[in-house]
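Order of writing sets the chain letters: A, B, C, D, E and F. Residues in each chain are counted from 1.
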Amino acid sequence: MATFGLLEYQDAGPEVRAVYDDIMATRQTDWINNFWKAIAHDPATLRRTWESVKQIMAPGALDAVTKEMIYVAISASNQCGYCIASHTAGARKAGMTGEMFAELMAVVGMANETNRLASGYQVEIDERFLPPTNSSGRT
Amino acid sequence: MATFGLLEYQDAGPEVRAVYDDIMATRQTDWINNFWKAIAHDPATLRRTWESVKQIMAPGALDAVTKEMIYVAISASNQCGYCIASHTAGARKAGMTGEMFAELMAVVGMANETNRLASGYQVEIDERFLPPTNSSGRT
Amino acid sequence: MATFGLLEYQDAGPEVRAVYDDIMATRQTDWINNFWKAIAHDPATLRRTWESVKQIMAPGALDAVTKEMIYVAISASNQCGYCIASHTAGARKAGMTGEMFAELMAVVGMANETNRLASGYQVEIDERFLPPTNSSGRT
Amino acid sequence: MATFGLLEYQDAGPEVRAVYDDIMATRQTDWINNFWKAIAHDPATLRRTWESVKQIMAPGALDAVTKEMIYVAISASNQCGYCIASHTAGARKAGMTGEMFAELMAVVGMANETNRLASGYQVEIDERFLPPTNSSGRT
Amino acid sequence: MATFGLLEYQDAGPEVRAVYDDIMATRQTDWINNFWKAIAHDPATLRRTWESVKQIMAPGALDAVTKEMIYVAISASNQCGYCIASHTAGARKAGMTGEMFAELMAVVGMANETNRLASGYQVEIDERFLPPTNSSGRT
Amino acid sequence: MATFGLLEYQDAGPEVRAVYDDIMATRQTDWINNFWKAIAHDPATLRRTWESVKQIMAPGALDAVTKEMIYVAISASNQCGYCIASHTAGARKAGMTGEMFAELMAVVGMANETNRLASGYQVEIDERFLPPTNSSGRT
């Protein structure tokens, strides 16, 4: 499967191998999942996507498990089967318990429900919820 | 605005007032935002939605600010303007800092990007990411 | 507003006027809503879209109000503000009561919720729900 | 499949069995479909979701088959494979004929098309379609 | 698979056969893909959908490969597995190279990312980007 | 508007100004649109997003106007008002005519329609459309 097949390490050139090596080193693992092998036919996209993911998913103001759970939330909302499977695995590896997953799904379900009640009833944004109108950025 | 207008406290019957009172007591606030006033024309939906939100958003395995951030993530992904505004306010009240919001948005953006790369490249789920096949539930 | 402005009847050529006339005759009304005026800059799209809408929305196995409600359901789910407003008006004109609207929204909200629980929990389709495998079409 | 497997009746505790019993009694059937077994690992979500579905899908101002068809419409629009399969089965059981399904799909397709024409052409909402501005709820 | 099975040429009536014949003649091919066979149980939808696709996908101001790539872009964004597969094949047949596909996917991914950054940060439309306000259509 | 306001050039630090300067130089313009000013409160996201957009939107196997039109297509499909407005302006600047826009919208509408017919009818992917099964990447 995958539109252009999966590019395995042994078949890859040095540019792709360098990304694969960094993925494995960063994630402290010895394998590459299909997503990267599928997009590796475009080394520019492979590198840019990995660099972005690496930067964004590193612990910062939010810890790793929270970030992985947000990824699962978006993927479930968007019906991306691959992403649900891979990021659920990632979240569990980062420490997500069954209870955390259950609460995550409950919030995802409820948010998707009330998103549509809000639009369907044509609810206007409350004055108090509007961002400040001064555009100086000094809020 | 709002399809059936906004049902204010003074115009509401006892069933709706009871929900409004519980919203204000639970949230330790003295006002009701438009979402509830817009759906209050259907007291059954008002009550059911509030009871579900109250149960789901209470701190548990995930804390309040994490849950509100997941709500913002879904709402931004779904382009629900009302929900983005109201839950960004809710998340900030629950402790979300500017740094946390910035990282949240970065993850939401990246997840929406890679969700489409995964589908567009028709990536097959890795064996390791598949849920266990025994259906007994004893995992 | 509208990317190319709104094409009014008096400014339109005979091809567009013919469609406008048919819209007003079919809907038994004396005005054209903005949607048609906005797309009228492309007469081919105007005609094709109107012919399709006219054919699809005519009462058949489903009556007019049910069809308008399905339109509202999809529009609310997709966060299309224009379409929610116009088809809610259309559904009310076709006989949708406040009670019907309330139940419609409740179903839309719940469907959007369980759609994400089903994907998030990676639920496999039950054997009994699979379409028959014979491809002859004689079902 | 399913992230935490499927929780069968014989493996379930009394809280889950009570919900399963109510599902079977309400639907006058002797089996439980995978959706419920998959989310049953979180009994709170199982109960809340079932109680909501039971309340919302009961015949009221809209009959059962109309509600199931709206569910199919949303599920097809959202690309939820499980939900399309299960609610198409549910709608047929509730009386949806092939003709009704065909018209349903035609409306779903057209609504998804015009939702994007409306947004893409940046169509402004007609004055006549705006909800009344008095916020008293006395409409 | 397919809800009502696939309607093969030899089992089809003259109305469906006429559409199948036109599909094969227009596309200069000798087979019909599953999409048409699945919707053929509703000859009105089959004919209307084919006539629209035939008209819209014909080369005009945009050439055939550009149109097929836009189709792939939307299908990947919407997570429609069938449509991704069929229109990727269609785009390649129309001349899309691997490099073009890679750039297409990069744009699709980036657009999905910035769509959510724009909504999540609640960015207001710049004055310069607003369509002209005169509604005469004389732009 | 915008959650954290808009960060103007004169209020920005050197890191943000460097990105603003590069945006203006690359686009051969003397102003910055709101999107960048809104996300500039997070300089890391500002830089990463701009670097990605700059790389992806540069002419390559696809020319600039095609890339901008794909951006419009996704934005219209996702109902992102800001992105529709800004990228429609961008596409026109890059050479999109009214005829090209009209055909673009027609394809976007049709793709959104048939995406739902394909899912709603549960159409199985044709053998001929499946990617090759060898995973070596030597296709």
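In this text, a residue touches a chain if its C-beta (ideal position, glycine included) is under 8 Å from a C-beta of that chain, and two chains touch if they have at least 3 such contacts.
Here the structure is a predicted model, which means the values were calculated and not measured.
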(message) Going by the touch criterion stated earlier, list every chain that contacts chain E and also contacts chain F.
(response) A, B, C, D
(request) Return the chain pair with more inter-chain C-beta contacts, choosing between D-F and A-E. (result) D-F
(request) Could you label the chain D-chain E interface same or different, taking same to mean over half of its residue numbers are used by both chains? (result) different
(request) Taking CA centroids for every chain, report which one is farthest away from chain A. (result) C
(message) If I average the CA coordinates per chain, which chain comes out farthest from chain F?
(response) D
(message) Need the CA-centroid distance for the pair chain B / chain C, whole Å please.
(response) 27
(request) Let me have the rounded angstrom distance from the C-alpha centre of chain C over to the C-alpha centre of chain E, please. (result) 19
(message) Among all residues of chain E, which ones touch two or more of the remaining chains?
(response) 1-4, 39, 41, 44-45, 48-49, 52, 56, 77-81, 85, 88, 102, 104-106, 108-110, 112-115, 117, 119-122, 130-131
(message) For a test of understanding, state which residues of chain F touch chain D in their complex under the given definition.
(response) 72, 76-77, 79, 81, 84-85, 88, 104-105, 108-110, 112-117, 119-122
(request) Could you pull out which chain F residues touch chain C in their complex? (result) 79, 88, 98, 101-102, 105-106, 109, 122
(message) For the complex, give me every residue of chain F touching chain B.
(response) 3-4, 39, 41-42, 44-45, 48-49, 78-80, 131
(request) Going by the contact rule at the top, pick out the chain D residues touching chain C in the complex. (result) 1-4, 31, 33-35, 38-39, 45, 49, 52-53, 56-57, 60-62, 66-67, 69-71, 73-75, 77-78, 80-83, 85-89, 97, 99-100, 102-104, 106-108, 110-115, 117-126, 128-131
(request) In the complex, go through chain D and note every residue touching chain B. (result) 1-8, 11, 37, 40-41, 44, 48, 52, 55-56, 130-139
